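In the two complexes that follow, subunit A is the common piece, with subunit B as its partner first and subunit C second.
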Partner chain A sequence: MSLSEVEFAYFFPAFFLLYWVLPRRAAVQNWALCAGSLFFYATWNLKLVPLFVASTLVDFAILRGFEKFAAPQDGSPLPTDERNQKRRRALLTLGIVHNLTALAAFKYAGFFADSFNQAFGTSLPVLRLALPVGLSFYTMGRIGVLIDTYYERLTPVRSLGVWFSFVSFFPQLIAGPIGRGSELFEQYENPRKLTADAFLKAAFELATGFVLKVYIAAQVGTELVDPVFAAPGTFTRKAHLLAVVGYAGQVFADFAGYSLIAIGVGRLLGITLPDNFQFPFLSKSLPEVWRRWHMTLNRWLFDYIYGPMVTGDSFMRGRIGAGFLVVMVASGLWHGAAFTYLLWGLLHGLGLLAHHRYDLAYKGLCRKNRVWVERRRSTFYQVAGWMVTTVFFILTLIPFRAPTLAAAGKFARGLWAGGNLPNPPGTFHPYLALLLVVIYHVGALPVFEGFRKRASATPLAMKGLALGAVIVFLMLFAPVGAGTFIYAQF
Partner chain B sequence: MSYPLVRKRVIDWLDDQYHFGDAEKLIRNDEASFLDGGVLDSLGFVQLCLFLEKTYRFKIDRKSLTRENFDSLGKIVRYVIGHKDFKGAA
Partner chain C sequence: MPEVESAPRRWRDVALFCCICVATVVAADLGLRRVSAPRYVREVQDALAEYKHEDPTVLVLGSSHARTFTYMDAVARSRSNGSTRVMGVPLEWGKFTSYEWVLQERLRPFIEEVENGKRKRSSLKHAILLTAWWDACGKDGDPPVFNLPSRAWAFEHFARDVADRGVTAHNRNYVTARWLEHWHGSILVSARGHDHLVSAVRDLVRPMSAEGKQKQWETHLTNWQHLIEGGAPTMGYEPELAAADRILAYFQSIGVDVTLMLYPLMPVTLTDLAKETVLRPFSKLMRQVAEKRGVRFIDATFDHNVVDSDFQPDFDHLTPDGHNKLANWLLDTKLSFLLETQPAGGQP
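Our next item is the complex of A and B:
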């Protein structure tokens, strides 16, 4: 069961009613969330529920251990301090290793064994295990809390209900947003309530999310993208171009839509999840893309890998550019155990490195003459930056989407030379869908701020009509069952 | 006495690295968020930490290394002058 599937439309209203008729006490609400989340998880794979519960309990024991072996609050040195610090470090190592072992076994063991066999002609057994749903997402959330608690940036969680709710919260279980203890623990520790404002906000998040996910992503994917990526090189150049541009729209709508649905469902249960997308196609540089696209993953990668790596004491200290390469390759591998994702990550690492070098050179010019500062602010510079960024981002999606490196190469050649087959026949829907992605982004430009303010001040009845129109639109045109959820595989 | 000196050093760094003379204008007040005001992004925080460690010859411990601790000019300056290894504003 996924948040955008029909089954969820039966599950959620029942759970919502039960959740809000229960006594408004944090503990009761948390255990209700845990029960609902385990049921939700079990609909994906019942056999993996014990593993999920066991690993959650191990992490909780480690977090309790951090408090047990904590340094004294008054700062006075005790003879046991050093030993406790060693114990805490051992606990952190255990926590990270145990979480990464699960990820490595389920996600990467097959890939590395297969690659090793191909490279050296060996015959290592290749494990092909079914990936537990949401494993990549909740592993990062858990490791983040372990690290923050170890460094005492976060008070150790004391309630199993709070910890279990944080780890298993079903709206974010499958594909994030990847929450942090610092922004979520307090919410689980206190009783939740549902206000009219929150309800309305959630309704709009759900409506936008469903249009993005169920209409736009599905329409573009099935009509424009899939046929051309299935036979790269055979369609015309125009078809290749439409397919890769369409895929950019599809992957955005698919995941940003899902994230909005998750945020909306979370809000209906009184939990505010972090934002995950902020109009990424408005970015004017690659670093800006990563501040706007899959924000919770990228802040995790930059805060827990990049920051410690370039500010630590290793040889990577101060190597800002090399740090980009490492973190983006890690991001590529996080997305999937395949050479196509590795190439995608490498390309983005090199892109960030190139941008960093360019930025250093440009800053040199700015120091010499302020006219370069003004040039950077000009509309021409901003538009040029946007174009270069967008074209780079879209083209790097070729290896991200293609099943193999050879297929990616074939697609790239098709984009250059083209084949004979015309555009796949279809309806106007994918084009309308892409136009909606454009409108969604253009509407967020500062020039439309007045319009946005007027829209948010419209009477409640008008807002209700707008929501009703969205529902009718989806019922008429959403291709039920046609779409896939790209990020569920990660 | 240290506050204005450290403050100036940070402003100079912001000007040299990012704002080329406009940093003071961009920072409306010392407690305004750098992230919200577009003064510094997440990558900039990493570079700022490296700069502070090099300039004041101390180590920013992992416990303090959060964006929240370095998200405004006031917080940065107070962190620097409150650091146990701070030997005075150079």
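Our next item is the complex of A and C:
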């Protein structure tokens, strides 16, 4: 089951009613969420439910262990404290290894065995296991809590209901947003209530999410993107350009839309999930892209990999550039076990490294002469920064979308040389969809703040009319089967 | 969009918001129904629902073409004073393998249902397997027929498949079809995935010229002709032929008179190339299948009374008048034996 597919239209209203009819006690609400989430998970793969439950219980036991073996106070000479510290470290290691082993076995074993066989002509057995849905997402959420609890940034969770709700919460189970214990545990520990404001906000998020997901992503994908990526090099340069620009719009609309739907559904259940996208195509530098695009993944990567790596005691200490490379390669591999994702991550790592060097050099200039500070604030500089960032981001999507490195190369050549085949004939919808992506971003510029205020102050009756019109539009023009979700595969 | 602060709302506001939203959708739906009304066509589920209360003398299993036999039922009942009752079971876009699934999983329990030690429905005398060239086409690796979950599955089949594979694009068709059923009165829901509503709205806003319509018709015709011609390389797919054979064998095993019939096709869509490479080879194949089992074979592909204007703009289905015209003609000629009180007996 996916949040944007028809079966959810049966599941959610029933669950929503049950959830709010039940007594407003945190424990009751949590176990209702757990039951609903397990049902949701089981619709993807019933056979993997025991594995999911077992691994959740193992992590819970580890978290309880952190409480049992309290962390020593700084400088404590007591031998029990030292023993506790060793036990805590062992528990953390166990937790991380246990989670990463599942990830490695299901997601990467096949890829590495395949690659090894190809490189060395061996015939290692290649595992082809069904990937548990949302594995990459919930593994990160769990590891984050284990690390935060170990370092005492988080109080060890006491309730199994809270832990299970955090891990399995169905709106974010398949594709995030990747929540943190620090922002979600408190919500699960307290009874939830639904306010009229939250309801209206959720309605707005759901409407925006559905337009992005089932109209924009679907229309752009089927007409502009898929045919050209299926036969790279055969279409004209213009078709290649439209395909890669279209893909940028598609992958944004697909994931940002799904995230908004997840956030809206979460809000309807009284849970506020973190934002995942913040108008990424307004970014004027690569680091800004990663603060605006798939925000919860990137803050996880930077907080739990990059931060400890470049500030810890290892040889990586202070090697900021190398840290960028490692973290972006990890991001690439997180998206999938394939060389195309590896290349994508590498390109972004190099991009961040180049930006870091450039930034250092520029700051040097600023220190020498304040005129460089002013230049950086100029419209020309901002526009140039936006253009370079956007072009780089879009071009690097070629290996991200292409099935193989060879296909990516062929597509890149097509972008340069092009073939003879014109764009397949189609409708105006993909172009309207791309225009909506542009409007969505442009509308968030500070210059339109007055307009946003006026829109926000529109009477609710008008907003109801607008939502009704959006629903009618989607029913008329969203393609059937548009609920299929690109990011579910990651 | 970035948030803008506003005063807290009350649930009364939410109720107003929701009412206006729903009213907008309902108003749009009612308005659009005037442009293009929802279309109802008989499906497997309708036939199964009828079968519960019926005891047909003739069972017709086939694709959407089997809908002609619903019209024939009315004609046959009136001509025979109710002694000939025809049950058409149409599986849209079906093939022999999917007809076999419908027969074994959905129809057989009705056919063989026993009450007080006897068959509950004892009138069945004739079975017709209705086919067209498409049914014998296929290749290894073809996706499963989506029409089975949407049009023929019961909840148990869906639940079993989900327990086995989880919710997939294939079994999701079952849920989608149920969703459409629940909202069948809404044109916005029932027209999803079809072009007719949007086309009707477009025609209303900016009507197409006569030349434009003619050009569109010609393009559609050419595409349809190519579709038929394209059947040649995949014609005679063994698993489909084997399924056809098993269907005939089953009907023979329960002692009914069996007919394998090729349905009429719209004359203008049949090019010489299609006739030579697809339709005649298909007829030959089907004759062999029928002869192997010793069942009656009727080929109405070219030999029928309907003309181009009796077909709908989709080039495949008859209009209601076309159905009636064909049903009457078939009962007068090729299928006159259905009106006889005794089975005519299988003969090739």
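Here is the rule we use: the second predicted complex is superposed on the first by the 479 of 490 C-alpha atoms of A that agree within 3 Å, B and C clash if a C-alpha of one lies under 4 Å from a C-alpha of the other, contacts with A are read in each partner's own complex, and residues count from 1 in each chain.
One rule holds in what follows: a residue touches a chain if its C-beta (ideal position, glycine included) is under 8 Å from a C-beta of that chain, and two chains touch if they have at least 3 such contacts.
Fair warning: this is a prediction, and the values are worked out from it, not measured in the lab.
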Message: Once both complexes are superposed via subunit A, do subunit B and subunit C end up clashing or fitting?
response: fit
Task: Could you say whether A:Ser115 touches subunit B, subunit C, both of them, or neither, answering first, second, both or neither?
output: neither
Query: Does the superposition put A:Lys363 against subunit B (first), subunit C (second), both, or neither?
result: first
Query: In the superposed arrangement, does A:Arg299 touch subunit B (first), subunit C (second), both or neither?
result: first
Field: Where the C-alpha centre of subunit A sits as vertex, the angle toward subunit B and subunit C in the overlay (nearest 10 degrees)
entry: 170
- prompt: After superposition on the shared chain, which partner residues are touched by A:Glu5: those of subunit B (first), subunit C (second), both, or neither?
  reply: second
Message: Tell me the contact category for A:Ala444 with respect to subunit B and subunit C: first, second, both or neither.
response: second
Message: Quick one: is A:Thr155 in contact with subunit B, with subunit C, with both, or with neither? Answer first, second, both or neither.
response: neither
- prompt: Per the overlay, which chain contacts more subunit A residues, subunit B or subunit C?
  reply: C
- prompt: Can A:Thr311 be said to touch subunit B (first), subunit C (second), both, or neither?
  reply: first
Query: Just how close are subunit B and subunit C at their nearest CA atoms in the overlay, in Å?
result: 14
- prompt: Just which bits of subunit A does subunit B share with subunit C as contact spots?
  reply: none
Contact set on subunit A toward subunit B in their complex: 151-153, 287, 291, 299, 302-303, 306-308, 310-311, 317-318, 320, 363, 366-367, 370, 373
Footprint of subunit A on subunit C - complex, ascending: 1-2, 4, 6, 8-11, 13-14, 16-25, 28-29, 162-163, 166-167, 169, 172, 175-176, 179, 188-189, 192-193, 197-198, 201
- prompt: What does subunit A use to touch subunit C in their complex?
  reply: 1, 5-7, 9-10, 42-46, 195-197, 199-200, 203, 443-444, 449, 452-453, 455-457, 460-461, 463-465, 467-469, 471-472, 475-477, 479-481, 484
- prompt: What part of subunit B is in contact with subunit A in the complex they form?
  reply: 16-17, 20-22, 41-43, 45-47, 49-50, 53, 60, 62-63, 65-67
